[in-house]
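In what follows, chain A forms one complex with chain B and a second complex with chain C.
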Partner chain A sequence: MNEIMQVITSNDFLYNVFGGFTHFGWQAAVMLIIGGVLIYLGVAKDYEPLLLVPIGFGCILANLPLTELIHVPREGYVFNDSIRELLAASGLLPLAEGARVVNEGILDVLYNAGIANELFPCLLFIGIGAMTDFGPLLQNPRILLLGGAGQFGIFLTLILALAIGYEKLEAICIAIIGACDGPTSIFITSMFNPALLGPISVAAYSYMSLVPIIQPPVMKLCTSKKEREMIMSYEMLQPVTQRTKLLFPIVVTIVTLLIAPSGGALMGTLMFGNFLRECGAVGRLVQAAENEIASITTLFLGLTVGSTMNGDVFLTAKTLGIFALGFIAICGDTAFGVFGAKLMNLFSKVKINPLIGAAGISAFPMSARVVHKVGNEANPQSYLLMHAMGVNTGGQIGSVLTASVMIAVIGALQTMGVDLTIN
Partner chain B sequence: MANVNAPMAGKLLSIDVKAGDKVKKNDPVATLEAMKMQIKVFAPADGTVAEIKAEAGANIDPSVVIMTLE
Partner chain C sequence: MEVIDNMSFGWLLTIVGGTMTMCSLGVLILVVTILKKFQN
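Presenting the complex of A and B:
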């Protein structure tokens, strides 16, 4: 009895019983605040609440000490039931130095099920495909080029990130924020550098929600008042036939995947979702894809991504740099899109309002709405919305295609033995 | 005499003037919804609303005359 009393009153005992408090460091405190801010932005300010709320909550969960819900960075742990442990036990494989053998937490399960293998972003893409009407794009196919012009911001950021000393694969993950496309950013990052998943996805989603604030000043800076006032009519646009809409996803899938086979997961799911929509025979599947599946995936994706925001990983100068570069990427995309449209005007008879070039990013349909607003402010008789929608869907295809090409190029470099590893 | 056509395809949410109202160029005269966004339709010229030709709730496109001005 005496012995037990002695143990209970000892410091070690209290330390262990109240482990939640004693292991609570300043990083955890900062991360809880960040999680709280994300939730606040989602709930009170309505900035992408569907994503920021689960991300914020996941971040809070993961940073409360000793919960063992998820283990990041992944390299630091060996999972109890994993095959690696069996191999290690039989002396076939040394455990990574300093790695701790742990049981899988529930968020580990979600991480392995959908983030590590990039499944969740792809499920989301089926929903996005099912929600997207490529009609405005098909009515005026040449504006697809603007969806490509917008992607130059990605390459600009890539060069900048390399110049200031980010590792090659890190730089690619950061640059892809410029696509303004959450699922694509998560896909690329989990493929090439899962350690940056937290900062990159939070940067991507924050900037997506800030598109209405970031884009207009850049658009105004790149155009004259006269250019912004230009009216684009809808008379030249012929309605597209259902057959065209039906063939479009199939043709895009085949052509783009022949160019960049490794983009199959992204492009394949996006176009599959769109085909479900346009074929008209599977209403229930379209409903499920754009509602239930998209909602469930968003929930799990947000929670899991948020829980990778471990204080030790997140609170570094790198994260700040990622946010700064992501900002440059989006401004760059906007400017390149506008100048792309001006360039197009030099060569074509039917002029377009250069503002619609700014919609060549993937933030859909937000960016198109921003373009409409800016145009409408300059000239109340100008209604750019549907033209901008066309460019916006082009931007969606453009960012997926850019990501696919990047995967293909990196894959080829790696196969040829070029060193891209992170030191 | 000027026709106010729908500027683009969408659903006509409301008509914000009535026959006999005087309007100036660029005054809002109707509200349209497209891609979950509400868009004001602005008068193309000064004038008086002569006749309302479309009904709120209808799906319209650029060939539809919403109202006439004179």
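Presenting the complex of A and C:
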């Protein structure tokens, strides 16, 4: 009995038995609050609930001490699954200083299965492709250029991030928030700097849900009242046949992947999803891509991304910078889109309302609706929705294309032996 | 290993990336316009 009492009352025993409390620090407390806020925003305010709820819960799970649910993407962990003997036999033990052998947590499994190899964003892209109707874009293909103009906020943010001292690969991950496209942001970040997955994906999805609040003031700032009141004729939209819609994803895949082959995963899956939709022969696959696959992937993606939001990585000045630059990126996209439309008007006989340029981002269909609303407020006779939808789908292609081109350029630099490593 | 400073990297990516993106979209517009000519 004495022995038992001695064990129970020893400090070491109590410290480890109540490890949840004894290892609980201020960083964990702040992260639990952040996780709670994300869940609140999703549930009570309806801001991207499908993503913010799993992200918030994942954040809470990962920051409760000693749960050992996730160790990646931080360095210094080696998984235990029977490899200790293998390591010993290979003469690799003892491990490098600071490394420790751990059991793989369930979120490690999900991370390695779908984030580390960029699978989850690609599965989501199949669903996005299956949900997207490129008809309005095909009716007036020249507005595809506005989907490109809207991406210049990405480059503006890249320059700003580098100017204030972010490393090269960090700056790319931050800039891509301007694509206003969650899966693309996650894809690029997991490829170039997985440690920033948490802050970047939260910033991307938060700003996507705030598009109706962020875009209108920028649009009004960049246009005169007369420009906003302009009515766009629907005669410029020429009808397209189903055959054209069917051929479009194939043509886009071939053309864009010949130009930027390294973007194959992004553009290939987006256009594959759209081809499934337009071919009309695989209704069950379209249903699955839109619903079951997209839902399961969203669930796993959100939970895993949330669980990368570890306090020691998230609670830094870098995170604040990421949020500030992400905001600039989306404002920049909007402004570049509007000015791109004004530029097009200089060279075109058929004028367009510059507001529709603001829809050249990937937040579909929210951005198109915002453009329509602002135009309609300026002139109740104006009905911009279908034009803006076309630009918005162009923005989806533009953002994926920009990401693909960036991957291609970085790949070329790496092949040339240019040092891009993060210090 | 070659070293490229941060700002040169940024401008390189902006100029090459921006140009390639807009050119690709231009090619797509051209191809879609041709497709539409043959759609009937």
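Everything below uses one rule, namely that the second predicted complex is superposed on the first by the 407 of 423 C-alpha atoms of A that agree within 3 Å, B and C clash if a C-alpha of one lies under 4 Å from a C-alpha of the other, contacts with A are read in each partner's own complex, and residues count from 1 in each chain.
The definition used in the following text is that a contact is a pair of C-beta atoms (placed from the backbone, for glycine too) under 8 Å apart; a residue touches a chain by one contact, two chains touch by 3 or more.
This is a predicted model, so every value here is computed, not measured.
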Clash-or-fit label for the pair chain B, chain C on chain A: fit
First (chain B), second (chain C), both or neither touched by A:Leu50: neither
Partner chain in contact with A:Leu413 - chain B first, chain C second, else both or neither: second
First (chain B), second (chain C), both or neither touched by A:Leu257: neither
Chain B versus chain C as contact partner of A:Gln238, first or second or both or neither: second
Contacts of A:Pro380 with chain B and chain C, given as first, second, both or neither: first
Broader residue contact with chain A after superposition on the shared chain, chain B or chain C: C
First, second, both or neither for A:Leu401, with chain B first and chain C second: second
Chain C versus chain B - closest C-alpha approach in the superposed model, Å: 21
Contact set on chain A toward chain B in their complex: 233-235, 365, 368-369, 372, 376, 380-381, 383, 385-386, 389
Chain C-facing residues of chain A, complex: 138, 141-142, 144-145, 147-148, 151-152, 155, 158-159, 162-163, 167-168, 171-172, 238, 240-241, 243-244, 247-248, 251-252, 255-256, 259-260, 394, 397-398, 401-402, 405-406, 408-410, 413, 416-420
Residues on chain C engaged by chain A in the complex (per definition of touch): 1-4, 6-7, 9-14, 16-18, 20-29, 31-33, 35-36, 39-40
Chain A contact footprint on chain B (complex, rising order): 7-9, 26, 34-37, 39-40, 42, 44, 61-62
